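Next come two complexes built around chain A: one with chain B, the other with chain C.
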Partner chain A sequence: MKCTFLPSQLSQGLSLVQRAVSQRSTLPVLGNVLIETVPGGLRLSATNLDLAIVDTVPAEVAKEGKTSVPAKLLADYVGSLLEVPCTMELDPQGRVLNLTCGLHKTKLHVIDPAEFPPLPVAEGGTSVIVDGKTFAAGVAQTVIAASSDETERVYTGVRIKVDPSAQTVTLAATDRHRLALKTLPAKEIPDGDEQLIAIVPAKHLQEVARAVNEARKEVAIALGGTTSFVTFTVGDVVVTTRTIEGRYPKVEQAIPDAAGTTVVLPTADLRREAKTASILAREESNPVRMSITSGTVVLTAWSSDVGDDEVPIPADVTGEGLEISFNSGYFLAALEALDSDTVHMSFNKAEEPGTIRPHGREDYVYLLMPVLHPSLRPSL
Partner chain B sequence: MKDMMDAMTERIHLLDPVVADAIAAGEVIERPAAVVKELIDNALDAGATRITVRARGGGIAAIEVHDNGHGMVPEDLALAFARHATSKVSHLEDLTAIRTRGFRGEALASIAAVSECTITTRHADAAAATSVRARFGSLLPPVSAGRDVGTSVTVENLFGNTPARLRFLKGERGEHAAVLRSVMDAIIAAPGCSIQCEIGEKVALSSRGGELHDVLPAIFGRGDAAKLLPFSGSVDSIHLHGYLSTPLAHHGNRMHLFVLVNGRRIQNAMVQHAIDDAYRGYLPSGRYPFGIVAIDCPPEAVDVNVHPTKRDVRFVEPGTIHRAVHRAVWQVLGSAPVEGLGPGSPSNGRSLLDDAHAADNSPLQSGSFLSESASHIERSTSVQLVLPEAEPRTGPRPSMGSLGPLRAIGQVRNTWIVAEGDAGIVLLDPHAAHEKILYEELRRGLADAAVPVQSLLVPLLVPMDPATVVHVPDIVPLLMSLGVAVDVFGEDMLRCSGVPALGRGHVTEDTIATLVRDLLDRVNPQEERLHRAAALLACHTAVRLGDALDLREQQQLLDLFAITPEALTCPHGRPTCRIISDGEMRRAVGRPLREPLEAR
Partner chain C sequence: MAMPSTDDPWKGHRVILHADMDAFFAQVEQRDHPELRGKPVIVGGAHHHREGEQYRYGVVSTASYEARQFGVHSAMPLIEAVRRCPDAVVVPVDMEQYREASRAVLACFQSVTDMIEPVSIDEAYLDITGSIRRYGSPEKIGQSLQDAILTRTHLTCSIGIAATKLVAKIASDAHKPQGLVSVPPGSEQAFLDPLPVDAIPGIGPKTVERLAAHGIHTVAEGRTLAVDQCQKLFGTAHGRSVYHSFRGEDDRPVTPPGNPKSLSREETFLPPLTTRKEMTDVIRALSTDVARRLRAHHLLARTCTVTLRTSGFVTTTHQCTLPEPTDDTMLLTRTATALFDEEWNHAALRLIGVGTSELTSAVQGTLFPNDTKDRTLDSVVDALQSRFGRGSVSRGVGSAHLLHDLDGSRRDRPEE
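Presenting the complex of A and B:
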């Protein structure tokens, strides 16, 4: 194996695939990246058996072959090189990879590529294509609501639902306390009316979003196959992830149809004041209370150890006045994820969920379960 | 003749005095250690400042106690072996105000009844000593002898006339250990007296006398003595002082916890409960504090004449004693130095007892944490809660020494948080620390029924056996006070629609199931159940070990940790952090403790 490459190009590819490398695996080869020559380039692959990321970077191939080297070491090394054409050549015994980069002559010990496990693949199933940027934004808006608690694996995932009749792909995440739901228009979707569902680890979905850039404009999702894997193809990058087994709750049903109280106000105003208030809430779980009256929303945050903060914000309020509390961390996360200038919030009762949406749009809903206070508890 | 014999054995008659004495002696003198205790008591009552105890053959072959007290005049010596002969009590009313250690007038008579006993004594005014010997209850005539002012008692062939008793003894080693414990009791009770105990030919225990502080190494060993912290204070006419272990040091049994009332070692369930209760949540389960709790109260406030061996007492106002003991423990927990090692200086010891008392002039009124919480729950939920019989917690919970502000440096392997503070390098277990923070929050919330509830979008469904489900409605309001909204959902299912809005909120079906079972477990007292419930929820809502925390989250945790009372141990009693002081670090790397600034 022999080829010439540009450090910046290899470095970009490594930074993507490196995310699938096992940090602490009992199998040393899983800490490595598999490098294979392909016509006009090098294919880089890494996997931790649940997630596999493959990227192909341009290179001039002089002699075909493959090898595997420690991923982090190679990434750190290539990342520090000057931008001049470099060569890599595997010695005839296949034990050492020789790199020549400017004045540097480097030898890296390799692991036999035959030891590299076969990469997981999604076989069969259907493929749907969505716009890359919209997908990445949708992922960012939904993963915030996924749980980090590994004891309930279903909730650590994002549910992907492909709806051919509506021509949409929806992403949903909940940790039982809140729900984020994003609907993406599909660019290409197979005919039929059978809905397809897959639950994908939120962390893995973020790797897909990371691959999206100006050059990689589309995301093709292959799901519903015979294996328990879903494959995302983003230009030359292929991310394959194991799905999470389990039943996902029918979260759409939780979104209230009507609202007794709606509040519309500039997102930036609410975001800024909520951020200030959350400083007083101290721990993220401490609540922030919204007192909604005609024309004003008063945000109150407090912490028994520190004190409290109260700020009135002018708002366009319709319907009845209301007082409702939310976890300040969850509330702020929603406002930070929102991509519109105006926020639309709707509520019914203090003990019922509230929703946060971009004003005038239905493609994103963030539903928040309220925090009940002793004084607000139903009498027993 | 045979008929006469039968008549004799069947009819009721007065016991032969020797037999009666042997029976009575059994109550007081049950083992050699009891002999040692009684003889040391007598020596101390005689004003001795130096006592030597010798025991051979488990104390059965021989026990000797020599003292330099005021001794006895020959006329008194003749009476010494008579039952109910004492110099300490004359009138019935004296019994209500006993200030001496012995008083029943039974000790010497009882010992003499079951052994061969020799007393040699010389009164300060007498020219020579007198010696008298008793053999299993029968007195031999006194003879002159030679010795200094003071008394020596030699007890030989103990239980020689009651072989049944011998069979119940624990063997030489066990009896020697018991003798040593008796001597330890005496050293603690009279620290000013120089006491030495020789077992066989070896000096097994020696105290040169001094303040209580000076005898600690003799009793606890040098290592444990260094982990004891002093306390003192008064409530009404009750004065408490002593030394107790910090939460970071503990024993597997209660052998080294000495409770004294007016200088007498006792074993009292109420005092024990007060100590256990105050330490609850500071020590791992099955571990006990050690130390000395000396209670001084007016003689009329306590009845010591409950048990022949004077092992237990009755308090006229048990509630006051309970509270006083409780506060004393808090004082120790509150003054525990940050590093949890090395004794605190008694001069710095704040007198929390006095402070607490000044703020609360009616110590018997229950204005306590638990009764407050209970009354709140009652008010808000109309559930009858069973209060523990003993006096509950009172006043503000003490803080276990403040670490001061801490600055997060980073997290090692997504596990330990490294921080810097005034005390040095602080290595924190984020789970245990967060657990403690949340536990305190839950306890506070429970007290004012103010734990906020995070309602759930997808309720937790908890399968449970129907026999348990039946009882769940009884505890629904209590669960609500803990921030858990549960209702019965079919005969074998519970539905949880709200969890405490605390921490990370990782409450699962299992958490709810355990919580419900713990709260329904009537075996444990209410206070214990509430503690367990709060500890369980705190544990499950806390950051897990292995959760990656960014610097902001680490700092947030440290800020809360620094203001949480007694944060050095988690609710299960395990330490939450390790502090490496500058000095410790310097020693570890072999640098001088102080070096000039220019040195590198």
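Presenting the complex of A and C:
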């Protein structure tokens, strides 16, 4: 194996694939990146058996072949090189990878690529294509609601639902306290009316979103196959993730149809004031109370041993007045994820979930369960 | 703008107001039942004693001023009270009513200051030091407060104002009912001196007896005792406190309540209870009360405790963690009953207590019930029940009672 590459190009590929490298595996080869020559390039692959990322970077191939070297080390090394054409050549015994990079002559010990496990693949099933930017934004808006508690695995995932009749792909995440639901229009979707569902780890979905850029404009999702894997193809990057087995809650049904109280106001105002108020939201479950009256939303946060804060924000309020408290962190996460200048919130009761949406749009909804029984401030 | 007068006696002192409702329970009854007005009214009796036995075991909770003229006072056995005042109307305790009245009174306090320390349902200390600039002199604030309480709740109270909690409390008691007594700093001695020693809270019958033995009957006489004499008579700590009390000295600040660490309720029974039915009824009543108080404090409990004391004075306590923080009457009753069944060895009981601890003020709500947690909820009760069932022939009976109780508690559950 022998080829010439540019450090920046190899570096970009390595930074993507090395996220699938297993740092603490009992299999040393899983800490490596598999490097294979392909016509006009190098294919880089890494996997921890639950997640596999493959990227192909440009290279001038003089002699075909493959090898594997420690992924993080190679990424650090290549990332520090001057931007001049470099060469890599595997010694005839296949034990050492010789790199010539500017003045550097470097030898890296390799692991026989035959030891590299076969990469997981999604076989069969259906493929659907969505716009890359929209997908990445949708992932960012939903993963915030996923749980990080590995003991409840199903909630660490994002549920992907492909709906051919609606021509949509829906992403949903919930940690049971809140739910984020994003509907994306599909650019290409198979015919039929059978909905397909897969739950994939939120962390893995973020790797897919990371791969999206100006050159990689579309995401093709292959799911519903015979293996328990879903494959995302983003241009030359292929991300394959194991799905999470388990019953996902019926999230669509949790969203209330009607609202007794609706509040519309500039997102930036609410975000800024909620952020300030949250500094004093130090009681259990960090509640920020929202007192909704005609024309105004008053946010109150308090910490019994430090003090409290109150801020009135002008808002367009319709329906009943209401007092409801939310975990300030959960509340802020929604406002920070919102991609609209105006926020639309709707509520029914103090002990029932409220929704946060971009005003005038139905493609995103963040459903948040309130904090129940917040302790009252002494002055109330 | 006028400068504060340099001879303002309150300058540099805290201003503490003690408000004490006049014969509170009786007054609420007379307010809500016009036919009772002007009549001697005795509020008393214990709600979960057996039907028809109210008089035998109950005591006077509150006597109206009309009944007090006959020598009826709080804590007197009902049977004795009725003997002294045969014309008295005896009314059962309606705590929910009084709580509501108490909340309305508290709202009046809150219009004056946040610095409120409720002592009981009918009594509170207010630190009004910071309210004077806004609302005027302490006496004026006291007067406005009495007026506001009367207008808004149709109830009267007595108010004492002083620089210490101790003197404020004595002052509120000095001219009951509808009294308003202000004891500005510097005038404490003149106010306290003529009072009998037992006017001082914390000086009980035993202390009074000791003092009398030394020829001391009034506060003025009490002040002749040096601190070491007091300590010799009453021990180091109590002696020091008696010494300071005679001087109206008390450095306790008004502390608005934080969240309590635990909430519990226990009842003693003479004669002791013997049947499971009686006992589980008590458990339900106690659980209902504790759950109601949890809700009143806006708290949820993580732990439930049941205490039993047999007629042979053997006390046992069993505790378990609730599947989720709760203030739910039904869940608390179920758990306490299950704990009771696990604990009870068929002995007659003279005391039953239900307690909650690990209290939390808020809990994040859940959109999707967690299957695992629901299983835990049932498993707590089931495990306790099955432990009770092991080696016991009465499990079927026990479960049947439990179900019956559950229905009852659901019906009784107050709406809040």
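Here, the second predicted complex is superposed on the first by the 369 of 380 C-alpha atoms of A that agree within 3 Å, B and C clash if a C-alpha of one lies under 4 Å from a C-alpha of the other, contacts with A are read in each partner's own complex, and residues count from 1 in each chain.
Just so it is clear, contacts are C-beta pairs under 8 Å (C-beta built on N, C-alpha and C of every residue); 3 or more make two chains touch, one makes a residue touch a chain.
For clarity, every value in this text was computed on a predicted model and none was experimentally measured.
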Partner chain(s) touched by A:Pro190 [first = chain B, second = chain C, both, neither]: neither
Which superposed partner A:Gly79 touches (first chain B, second chain C, both, neither): neither
Contacts of A:Asn327 with chain B and chain C, given as first, second, both or neither: both
Touched partner set for A:Ser148, first chain B, second chain C, both or neither: first
Which superposed partner A:Pro266 touches (first chain B, second chain C, both, neither): neither
Overlap of chain C and chain B interfaces on chain A (superposed complexes): 152, 174, 176-179, 249, 251, 254, 283-285, 287, 304, 325, 327, 351, 353, 367, 369-374, 380
Chain C - residues contacting chain A, complex: 110, 114, 116, 256, 258-259, 298-300, 327, 360-368, 370, 372
Contacting residues of chain B [partner chain A, same complex]: 380-382, 441, 444, 448-458, 460, 476-477, 480, 485, 498, 501-506, 508, 547, 556, 559-560, 563
Touch list for chain A against partner chain B, complex: 148-149, 151-152, 174, 176-179, 249, 251, 254, 282-287, 304-305, 325, 327, 351, 353, 367, 369-374, 377, 380
Chain C contact footprint on chain A (complex, rising order): 152, 174, 176-179, 249, 251, 254, 283-285, 287, 304, 325, 327, 351, 353, 367, 369-376, 378-380
